Structure formats: C-alpha cells, structure tokens
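Here the chain labels run A, B, C, D and E in written order, and each chain numbers its own residues starting at 1.
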C-alpha cells in the first residue's frame, strides 16, 4: 500500500518559515528583500547541477525526480497481513498440494516480490535456488536505491562548497573595487548570501531527503527479508505457529505477543506437524 | 531490572553551570543577560526540528521522546543471576524432562526475551531454529534502536549548521544597516550567539545522548547474545560447569573466577555428564 | 559496446559558464580579468601534481590519463542480449554436448570475460574452479580500478589544501609589505584566488570524476557477477526459464516481467528439464 | 610481564616544553604569563567533563583513571617463551596423557588466559568448544577495552569544540563592552586562549592516548589469538615443529627463522608424528 | 627484486620548487626570507614529535625511519616468472615425486615467503594447514605494515593542528603587545607561517607517504595471495594450464592472454592430467 507522506514538504516549508521569522525579528520587513538574490541562487544551484552532470550518468539524472517524488509517499506492508497471507498459503498447500494450493492464491496479495516468490515455489524450485534468486533481486534493488540517494547526498555536499565559491567571487569583486568604502558592508553581506543558500539547501533539503531515502530503502529491504523468511517457511511446509514466531520476531515485543494470542485463539499449535 | 540513571540530566546541568560561571568570571552579572536571545534560540531549535521533520517519518519523530527518556534509566541483567537461572533450568530438565522441567520455570525470570527462548525449547524446536528466531529478534531490535539514536545524532549535526545560518543572517542584516558604526560590536556579538547555541546543543546535549543510546543498544544486544548462548546450552543439555565457563567468559576475569569457585563449592563438575 | 558519454566534459563546461556568468553579473566584464592569475593556477596545479608524485607509483601516474578518458565513454552490456546468448549456449550444449556445442559459440559474444568463462567450461573445469578463477579476475579488476579513482579523489582532496597554501602565501607577502594601504584590497583579492581555484577544481572536476569512475567500476563488477551466474547456470545445465529468472533478478521489475513473457512466448517452460 | 612505559608522560612533557619555548622565543618571559588563564581552563575542562557525564555511565567514568594508567605500562608476552611452554605441554601430553601431563604444567605460565585454555583441555572439552569459549572471552575483552578508549577519544573531540565555545563567549563579552577600543586586542587574545587549550589538549593528550589504548587493545587481542592457535595445537596433539611454524608465522621473518633453527637443533622434526 | 623508486623525494622536491616559485612570482626574492622562521618550524615539528611519542611505543618510533626508507624502493615480483617457477615445481613433482622434486627446487626462487610455502609442501602438511599458516603470516604482516603507515598518517593529521596552535600563539602575543600598530601586519604574517608549514608538511609529505605505504602494503599482500594460490595448486598437483589460468587472472587481460599463448606454444594442455 502507498500512503501519502507530506512530512518532507511540510518540513522544508517549516524551515523557511523559521528562517523568515528570524530575519524579520532581527531586521524587520526591510531586511527580507536583502536576502533574495537571483545571481546567488544561480551560482549555487547552477554549480550543484554542473557537479552532478559531471559525476552521474544521464539515466541516473533522469531518475532523480522519480527518486525525490518517492519521499512524498510511503510504501508499507503490514507484517500481520503478510503473516495471515502466508498461513493461508500453508493451509492451501496442506489441503491441495504445493502446486494447486498455491497457484490459486498467487494473486491474493498485491506485491510483485511476494508473487515472484510464490511462483518460484509453484515452479518447483529448491529452497536454496528460491533464496538465491530473491536475494539477487534484493541486492540489485539496494544498488538502484543507493544510486538515487547518493546523488541527493552529493548535491548536499556540493551545496555549501558552491556557496563558498560564490562568497569568494563576491569578496574578490568587492576588494578589487575598493574605491568606495561605503560599499564595503553591503558587498560582504551580498557575498555571504551564497554561503547562506548553500548551507540551508544542504541542511534543510538535500541531506535530510537523502537520509530519508536511505531509510526507506533500508525498510523496503528489511520487509523483503521478512518475505523471504515467509516464502521459505511455506516452501518447507513449516507449521503455522513457528511461522508466526519467526516473522513476529521482526516486530516489536508488544505487537508480537498480541499476534501470538491471535494464533492461539485460532487453534494453531506448534505440535500440529512439527 | 530498571534503575534510575540521572547522569545525563546532571551532566547537562553541570555543563550549563560551567558556561554561566565562565561568562560571569569574564563579564560579570551584566554579561549574563547578553547571552540570552529568544530569536537565536528560535532559529537553532526551529531549524533542527525542520531538518528532522524533512528527514524522518512521523512514527520515528513520535518515538523520539520515548528514546530520550531511556537515557534516564538503566536496564541491567546480572550475568550471575542469569547463570543461576540457566543452571536451575538444566536441573529441571534433567529431573523432569525438557518439557515439564522447563515449563514450570518459564516465569521464574522476568525478561520477555528469555521467556521466549525457553518457550521455544518447550515447543520442541531444533537448536538452529531457536538460534535463527532469536537472532532475527536481535537484528530487528538493533534496527529500531539505530533509528532512535541516529535521529538524535542528526540533530547534533544540524545544530552547529543552523547556528551558522543564524550567524550569517545576523551578519548580513548588520552589514546592510552599517549607518551606525557603534552598533557594529553588539551586532556581531548577537550574530555569534546562534553559533554558540548550536555548538553547545550539539556538544553537551545531542551528540553525548546519541552516544549513550548507541552504547545502551550495544549493551542490550550483548546481553541478548549471552542469553542465546545460555538458551542453546540448556537446549543441548550441556553440563553446568561448561555453561558457567561459557557465560562467564562474557565477564571480567575477576568476576569470572569468583563465579567458578561458587560452582565448585556447589559440587558441580565438568565430568558430571560431558 | 562502447558509446560516447559526453556528460563529464559538458558538466565541467556548464560549471565554468555558471561561474563566469555569476562573475559577470556581479562585477561586469572588467571583473572577469581579475579572476585569472597564472601564478595562482601554477601553485594549485603544481602542488596537486607534487602530492600525487609523492604518493603514487610511476605506472599509476601514467595510467591516470587512460583512467580519466574512461569517463568519456560508457561500456554497456545489455542483460537481455546476455540472457539470449546464454540460452543459445544451453541449446548448443543440449544438442551437441558441452564441448562441441559451446566451442562453436565462444566467439558469438564479443566480451573477453564471457569468452574466458565459456572456454573454462569447454576445458572441462568444475563449477567451483570456474567460479574461483572468475572471482579472482573480478578482485584484481576492482583493485586496478580503485587505484585509478583513488588517485583522482586524492587530487580532489589536495586541491583545496593547496588553494589554502596559496592564499596564506599571498596574505603573508601582502602583510609584510603593508606600506601602501591601498594595496590591501587587491592583495587579499589576489590571495583568495588560489582558494577559489582549489575549491572549483575539487568540486567541479576531481571529486565528481572520481565518483563517476567508482560507479563505473561498480557497474562493471555488477555486470561481471551477472555473467558468472550465467556461466555457472550453463555449466550446470540449468533450464532456460530458471536462467531467465535468475539473471532477470538483476534487472528492474518492469524489464524483468517483459523478459519472462518473451521466454514464455518462445515456449520455454520450467518443467522442460528441472 | 609488565614493564613501565614512560613515553606517554614524556611526550606530554615534551609537548609543553616545545610550546613554552615557542612562546618564549616569540614573546619573551613577559608573554608566558599571558597564556595562563584559570577561567579558560575551567570552561574547557569543565565542558569536557560535562559532555562525558552526559554520554557515559557511572561505571565507565570510574573506569577512566584505570584505563589511562594503563598507558604507563606495557604488558608483553614473548612469543618464543610461549612456544617453549606449548612444546613443554606437548611433551607432557605425549609422556603422561592429556589429563595428567597438562594438569602439572597449568601453573608454569603466569597468564590467566593461557591457564584457562589449558584447564579447558584438561576438562576434556572438544576443540570447537574450547575455541568458542576463548573467542567469547576475546570479544568481551575487546568491548571493555573499546569503552575505555572511546571515552578518551570523545574527550579529544569535545576539547576543541569547548575551546570554540569559550572563544565565542570571550568575543561576545568583548564586543558588548566595546566602549574602550584599547581593550580590543587583549580581549581577542584572551578569547583565543580557550581554543588554544582545546586544540593542545586534543592533539597532545586525548587523541594520542586514545590511539595508544586502541593499539594496546589490538596487541592484546593479537597475542590472545596466538594463544588460541597454540592451545588448539596442544589439544589436537600436533607435532612440535608444526606448532613452531604456526605460531612463528605471527612473528617477523628474521625472528621466525632464528626460532626454527633452535627447534631443529633440539632435534625436533616434522616427521616425528605428523 | 628491489628497484629504486625516487618518485617520493622527487615529488617533495617538486612541491618546494612550486612553492618557492609562487612566492618569488608574487613577492620577489625579498619575500623568500620572510617565509623562513626557525621558531615556527620548531613548534610544528616539535609538536608532531610530542604527539607521536605520547601515542606510539618505543619500538614503533624506532621503526619509523625504516618504514619511510621503504618508500624509496619498490619490491616487485613478476607474476610471469612466478608462474614459470610454479610450473617448474609441477614438473619436478610429476617427475621425481612431491618430496624429492620440490626439495631441489626450493632455492631456485629467492623469496622467503615462497620458500616457506614450498618447504611446507615438502614437509608433507595438508593443503588446509599450509593455507592457514601462510594466511597467519599475511595477517601478521598486514598488522606490522599498518602500524608503520598509521604513524605517518597521524603525523599528517597532527601537522595542521600544531600549525594552528602556533598561529594562535603568534596572534595572542601580537594582540597583547598592540602598542605599536605598525607591527600588526608582520605579526599576523609571522603567525600564519606555522599554519603554512603545517599544511605543506601534511599535504606534501606525511599524507602522500602514508598513502604510498598503504598501497605498497596492499600490493605485497596481493602478491602473497597470488603465491598462496600457486603453492596450493602445486600441492594439489593441478595441471599447468589451469595454474596459468588461475594466476593469470590476477593480471590485466592483455598480459594474461599473452601468457596463455606462451603456455600453448610450450605444448601445455588442459587435458594433460585434469
């Protein structure tokens, strides 16, 4: 399931509200306009883009917007639903055999990774082969994810550096035209703006988004490991309560003991088969 | 057992006492008021919060206060008590069999992880399955812990960066209003305050708390590994002195040899069974 | 296949365009000449070269230009073509035996690593020996690549440091000749130029190129791992659909399911042999 | 054996001698007094202590002095003596059996880890069990050591940060009281002192001591791995020259070949038993 | 073979030439003398030595000069010669048996590690024991090397820190004696010199030398891994072309295919024995 996750844009918005409030409190409305400079924005954003173009391939750059959009939504599989599905599979397998019992149920859970795992069982592959194929898929997924968040992270490293480049440009120009001492203050102020933009972009936008993407990738990989455990349990025909124990171990203690009570109410027992 | 651990708030209090004393020694009481600025606090704390909202999910942010509260208490299991309990389990198993002997004793030690391990033995699972399930639980626990202390750590990284953002804002405003040269000193002083807040928050509050949480997580995982060793020894019916040797290896040399003497007094011997 | 990849020079060019535009916007054409200084360029580039000569061997330094040229082209093997080739090998092996069936087909795919793998099968080596030999080759390749991008990365670390050395030299000379206060501004401006060059070289040229080379190395190693999987499947005579499943797991979900449809249209089935 | 190792205090003393000499050369005796400031020392040492109290547990803080004292002595086991002892054990085992032959010799080498290993052989444990127990002990030891040197290392990270906090406090107070321009110089000088203290403490005291402790821990663990190799060789009744080859591999080439000559003189041969 | 490698001293010399040229271009011959200050050199080199004495043991410090001398020479074993030697061993073993055939040939290759490996075969040890003993030796070697280059690396970290200490000392003294404003410029210039020395020492001398030593260690370990592969192939009596394939995998593609052609000309074939 995908649900919307608006925390990322809310956080960025909040950050700018705090910055504007601080500027307003310290310098009044008049000061606000002094913090906007098109050429400063140009040098910081332009420099970051140039660094990314040098360092990344065309397909990765195209991929960037897809990746960033991902932070606005949250994919989540409920472990409990997952366990229920696997127990349903076990029931099917014990009633109608591994092939027929599972084939019907492939489409009951809308997740391509689970479907693939179940179809590998139906195709009669050995447990080690199933595990190997599914783990290859996780590795390839992790690598694709990593390319995404590394690019955003590099943007976050480039931002303050280009900010400093802009500040040095501003200082050099000001120092070369030192005829008018009264322009000294505004000149330094102007030069400092690019550093300001660079740090804010890095700290409020790029680094937190890269962190969020890295965590989303970790969560997805973690959930896929839960799924592999379940698929292998189904393939090996383990009993339902062991499966609950195993997958439940991925949850917090409270959620897990609630889960086991449900299993016991349903009359499952460890001694069914094992 | 949970005992209170007040070192974290004491340390933070001490830090502020040192800072105030230093300010007082250098500038007298008059200087103290110069170090308090609501808008500086606003920009640093607001900026940190915004960065965290961008980078973390809602559930992780809610979890933050629970996590921080954890640094105020210390959970500790005494290895010696643990060994006594496992030897009691061994005695039970040898007297009344693995099932009956252990089932009575499940509730004698109040720790959900140990209870789970013992109940997995009672349920008749194989040693490898028990180890696999318990290690999954440790991995999931480590991941949950890591989310907690990484958030605090990120706050500690964001703090000085937002401090610098505030300082640049202060400098820019001051430089744009350079009409009155006498305001130059207080202007720079004011601008420096956010950097001051940022470094103090990072060095006195966020980074040390994140370090403490990471160590608490390490300790809990370490103790859970001791427990797994013990559970497996019970499952395999190892003799009591080998179990003492094994678990005692997790302790310091002095504590360990004291422990072995106790075992020998109790008439345990390595030749009982092994 | 090698295709040209001009993003690296385009990105460097773009970066300089942004820098010149920013200088022009802030100081007009007159300012542009103030940013060019032969002696500043000399100290930064000379210092970087000297650091590299101290730290690297002659063969590695000679190798540097070859390595940098690599960022201008992209080697790519299409996984789909690769799978088709392996299925062709499987067909050959099932029709005419491992030796004859594969020997004909060795030259059908122009890649030395694949050729080597196939010839090891033809030579009758065991799967473990084939895997061991091919993995040694990957390790040696990774090491050779790493030497290349580490040198560029070190250049990117040395650049801002030598920039700072140049700035300190400029400041010291200016401060020692403080007779003429009017030269203060241009003196500092001039001193800042080396830092400017150092940061731009590091951020726009060296670090992104090193990142790109590291990613290209990762991609090449990844593709070679796909090839090893395929070679071993051919050696073990696995059936065609399992091979598609396995190698397809390295691809994205969409590409992979498109691939399986093709296999099914071709009448392949998991039950052919397995 | 423990021998005194006075290099750590000598190095710290040397460092201060160099600093005082440099101050004296640049500013004469008059300048020396300007570098001593009780309140600067207070803020740096106080801040570091507060950070450590926040981040570490009571037992770890108590342990700190024990840990630091350790850098003043060096524990060393001579590999050659160790090999002689193990060969003595082998002789004992071949003459009087594993139990009697080793039991006499347990106390001939004064090291608790070796004694433990030998007594585990005498107790009749299997090689894998012995190895497992001894490796648990190494892991627990490494963890205890790490806690010690991490604390010192954190102190070294906190020192320059608190130095900067003190410098900002000094600057703010000075800037707020800018009435008297003649106090500007001494004010900045005074503010810089805490940064000076912070860097010296970090670079001369905390970081090098933490590095030394980390290396001492590495050495101890390394020696314990040599001991495990030897204990397992004794347990498996390997022949004397193989044991010399194996343990000798941990030494430098020259020391090792000298060692083998001794073995050959003693009439040991690889063909004795193997 | 050892060949001289003068790149390290040449690079350091080049670096100083660039620095002097830059100083000369910017300030003329008069400026050159301003960059030499005995007390600045004293504080930087003295501080670095003091930090190393605190953090390293006596034997490691004595070892430093040996280690640094190593960067002036290059030890190289030609893989092709190595392969020829191993094939000669295989021939000897097939003609006269493992014991006699190899014993003659031990001294034909002047490398203690290879000699040791061959003598372990002659002594009749099992492949796993040979591999274990040779890998222990590699581990011990890596640790000894690491101690060497870590010390140089630490010197490179200490250098700019002590440079900053010197700069603060200079600034404090200058600020305390602010009576004469005309001394302000030369005072700051003088203070900056220690930072200048610190960065140059770190960037031109210590860090590149540490990098070079780390790479030399990597290369030596890599070559020793090639040798272990060869020794085990000889021990297991593998055929000559498989041995060429295996060791050749450590080389570049071009070198490797040249090598295989030679083998084929010599009439070797994979079907000889395998």
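In this section, a contact is a pair of C-beta atoms (placed from the backbone, for glycine too) under 8 Å apart; a residue touches a chain by one contact, two chains touch by 3 or more.
Nothing here was measured: the structure is a model prediction, and the numbers come from that model.
Chemist: What are the mutual neighbours of chain A and chain E in this structure?
Modeler: C
Chemist: If you average the CA atoms of chain B and of chain D, how far apart do the two points sit, in angstrom?
Modeler: The mean C-alpha positions of chain B and chain D differ by 25 Å.
Chemist: Quick check: how many Å separate the C-alpha centres of chain A and chain D?
Modeler: Roughly 41 Å, centre to centre.
Chemist: Just say which it is for the chain contacts: an open line, a closed ring, a star, complete, or other.
Modeler: ring
Chemist: Can you list the ring's chains in order, from chain B toward chain D?
Modeler: Following the ring from chain B in the direction of chain D gives B, D, E, C, A.
Chemist: Quick check: in the complex, which residue numbers of chain A touch chain B?
Modeler: 5, 7-8, 10-12, 14-15, 17-19, 21-23, 25-27, 31, 34-35, 74, 182, 184-186, 188-189, 192-193, 195-196, 199-200, 202-205, 207-209, 211-212, 215, 218, 222, 229, 241-242, 245-246, 249-253, 257, 270-271, 274
Chemist: Tell me, which parts of chain C touch chain E in their complex?
Modeler: 39, 42-43, 46-47, 49-58, 61, 112, 120, 123-125, 129, 132-134, 136-137, 140, 143-144, 147, 154, 158, 161-162, 164-166, 168-173, 175-178, 190
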